[in-house]
């Protein structure tokens, strides 16, 4: 159930569609099966591609012999690294990390001399039928020679450890210094030092990675692919040595992303095969391939050393973070920055030192995942808040209360929080929503409660100089067309734009059509990552729609002989606010504008705040446009004899600034919390000595319909967000506080803490033993 | 997926004929929920599959001569729905947590038995209920206690030319004046609330005589190379007064009788401990059912 | 491995199609154009490929197509279309139960099978019926609301 | 109605087709072989868009039963270029921009190829006469005729490389 609260709505304009839980425009296609996802497209004369993947985590490749595979009838092409000299996948964001790109940053498309993780791609087969391609993989002979390997960041940081990527294994580091933590720790009444660990997890979108590529008659490589980033056409062009305007990404509706479709997936494999064969080539990852060979969430080891007063006030924090980057760099430097910058959470701490390292190992590579480092940081800082309270014999909520940041307080980087910072409000409401604690159902059951507050940025890093563009136009029949490059990954990205334009132009939502996700045909809108599309493309759409409205209002004001400000639009009509009889159909006004050559469309670019890079000495400076704040409370039952944990109740409260579509917002919050539940209790990509022990959904467990608790979702609207109508992003924030809230609830129930996610029954039972 | 030929016999004779004619690479196909997964993973490499779906002799659940005859092709979903299974609480409980509803609609009882996974959900309750298994081939029919059927992980006493034709369960009625009341219970400990692979599973069956446990069978899953009976733990309880002390001792013995391994889901030590907990709980639960 | 002509009755339409014995119903349906049947794991773990065969919802990835010869198969597209959606489909739209939408076809088929058996399912029955269909976006809450409201809608007609 | 298996050569490669007696060559090419260069324009032999070479002779594939092609040698526009090198007719059409929408281009080229096979030095009148059954709605034929004539010259030039230098 959604509780809906509007404590600060007075400064918002009258709204007719924004704020309503309208059915999404993409919903009917999805529920009737009409929506076509990437794997649903076929083309005449299409080939099927499969990729041969390394069977060793670290090895020299002595020989790759594809002759037998090439000779198999029905095989059209077998490609190895020899067929694409020099081609690399850029895994750093081109042009934004500035100075010099670290050596060894890029990943090969196909491994040539060495494989660095089990599952790395070695060869591509394109064949007439999928079964033939699969058979051809068996015919490729590879000789490996084992190469020294390292599987934990701690070992990889030791001198003399095998080097995974040149020049050394520390692929990224951040050192943040604010105030003087050493000195302030000396003044503390109590010092609490603890270490927390998180695991590899998999995005586990229901739609495996998929795409189809073809070369058109102009030599343009077109790739229809399930992606969060159509702008990859540039790095694809670079890798395949094509001009940027000869690579065309046509996105599709994406069957779940969560960061896992932020990096390139099938694009280069099918792109290469299409270029070589000049035939359409389709590739769909198997589930096993998706789990084995695509990126994972970074495991972190986070150590907090915190100095506090007896009353619970935090004086200083020293935080060390070590992240496992896996075999390649990908987005590790930025994931690490998110974690480092939010290391002490939404609390006012004047003296902070953060040291953060991302370290290469021979594990599957890690990269973006909803929450992007900030979620891992929250697992640590929110458990640590409870442990501080325990050390001081105080109520954890009280310790949070005395330390919550206020507007104007600063992050470890010195960035000041702006707008409403409703941490206490959210925590109180989430906690209250749990209601009375029920008695345990059996003597061996203990009930526990936990809370976690959080901060999570929305919008990209501000020194990336982020922009988005949208085109909004009115058709002659009064329908709206939006053109915007936004990929819709299921969060309602497209519907949000539709709802904004429908509101501004007074047209029913169902009369809006959005053409999206095409790198060549829709204005580029940037990535569907970093909780940025509502903020960025929402604002671009708002600006474009407002520009159209302005033209129309001016023309209407001439007709009605009034001021343009007196004109309003609703229900496909235009009218004078103060005199309802002064009214005409929108189509009539559109026709007048068309007859006079007045523009009925606008292309608008929205710019996020731009900042300079951080101070290299102490990482001081602004990093993000703004933050979302909120809290998650849970109630759990723990079986003291078995360690089994059941989450009984979940209550989330987030200040989303403005809920443009409350049903969609609640859907994000509920879905994010459920991912957080999986993170806390069952999800674990177990990679042991480089071998993934959890290659399918039988071993890698997602929460089922039976695992989700009674759920309350409380949406607060401060109206102070930077998005249209004062909205804040909620995509990533929804997940962030759930796992630590559950960890705190379990600790509350059993009187001991499991410092390592996930909280398996066995680990919980061990903690119960230790507390006895 | 691997290439194979698919035979679709309409009669049991035709199916058995096919199995008798072919070499060792022929395999029967029941609901397919294990077989297709194994085929994809290349765990099995048959040249020929014999689909049993169309063989009517393998269908149906009938009650006769004090026994329930459960056709090999009986689906797990049917065990949940058919009232004839009502006396077999442990079997019903196992069916209710077996994989998920879609799998239950396809998966068959014989398929679960034939797969002989140490963690097969239906196996401990069938052992606790002292099920008999009937195997048929072109030349003979043999019936054996299910406890003798499992030889090791995925290894059974079934020959390649044989099919599981039915399972037989002894039916007794709690209303009957001639027999003692009986009760059974099952629990599966998994890592989530549905569609989980068992860390351990426990099934117990009790026959009550006043305040005494007249007879008892305890079966364990996922803690040995094959589903097993905890016979020494049974001995502690058999013919004894139902007491907390006996219960705990029996549970303790059960945990020493099993030989679990450590794997990605849990350690051997944890599994042993959970056997002790759940043997005790299931006996309590079955007792409370009286 | 000789192909055989198989008759698949899908959503009331008969298809005669030559299929190899190792073709799963999932691939047979998708090759016939029923791309509303999704492939998520191909081993019965996720439920995205759920279809109703002779009244029972099954994983089409675990059923060989030959064994569906002459059987009645219903996919989500057979329940209704945009012009005339099934009450379950309408409820999924109205309650925001579809986010990325990839699990939605299988989820609706399991919900359909549930409501066929229990027109007024309890929360327990509903959760169990949907427990073989993984959803990674919604956290299931909105799906539960949609199913219960559809049940109400169907039975009040 | 039963399918029959036939064998033929398509663009130089051996093919086995299983076809119903009533299937048209044009449709089999487009739908089974995905050779969509051969176009459907009218279905009654009035436009020439479906022209290909059957045993060397220009043939309307919309009026040809596939089942009758057992043992035949078929060449379509896709098989004209050899070893990555355009045929002289293709090169000439390219250089003369002898197309606008491009829909008749395949058949015009296939006809020109057939013409040059029969007559290496055709006159303009002979070109126009040969192409009379192939309709073009865009170009007014002028550029096509120029291309056809030039193709003859180009081919002559290719055959005598020394004369060209």
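The letters A, B, C and D name the chains in turn, as written, and every chain counts its residues from 1.
Note that in this section a contact is a pair of C-beta atoms (placed from the backbone, for glycine too) under 8 Å apart; a residue touches a chain by one contact, two chains touch by 3 or more.
What you see is a predicted model; the values in this text were computed from it and never measured.
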| item | value |
| --- | --- |
| More contacts between chains, A-D or A-B | A-B |
| Centroid spacing, where centroids are CA-atom means, of chain A and chain B in whole angstrom | 44 |
| Chain centre separation in whole Å, for chain D relative to chain A (CA means) | 54 |
| Centre distance in Å when chain C and chain D are each reduced to the mean of their C-alpha atoms | 48 |
| Computed distance of Cα centres, chain C from chain B, in Å | 29 |
| Set of chain C residues in contact with two or more other chains | 42-43, 45, 127-128, 131-133 |
| Per-residue multi-chain contacts in chain A, two or more chains | 698, 703-706 |
| Complete list of chain pairs which touch one another | A-B, A-C, A-D, B-C |
| Residues of chain D that touch chain A when the two form their complex | 34, 36 |
| Chain A-facing residues of chain B, complex | 1, 3, 100, 189, 191-197, 199, 264, 266-267, 270, 273-274, 277 |
| For the chain A and chain C complex, residues of the former touching the latter | 21, 23-24, 26-37, 39-40, 203-208, 253-258, 284, 286-287, 489-492, 663-664, 666-667, 670-675, 696-698, 702-706, 708, 711, 713 |
| Interfacial residue positions of chain A with respect to chain D in the complex | 44-45 |
| Residues of chain B touching chain C in the complex | 1-6, 8, 29, 31-33, 36-37, 39-40, 49, 51, 53, 77, 96, 99-103, 105-106, 193-195 |
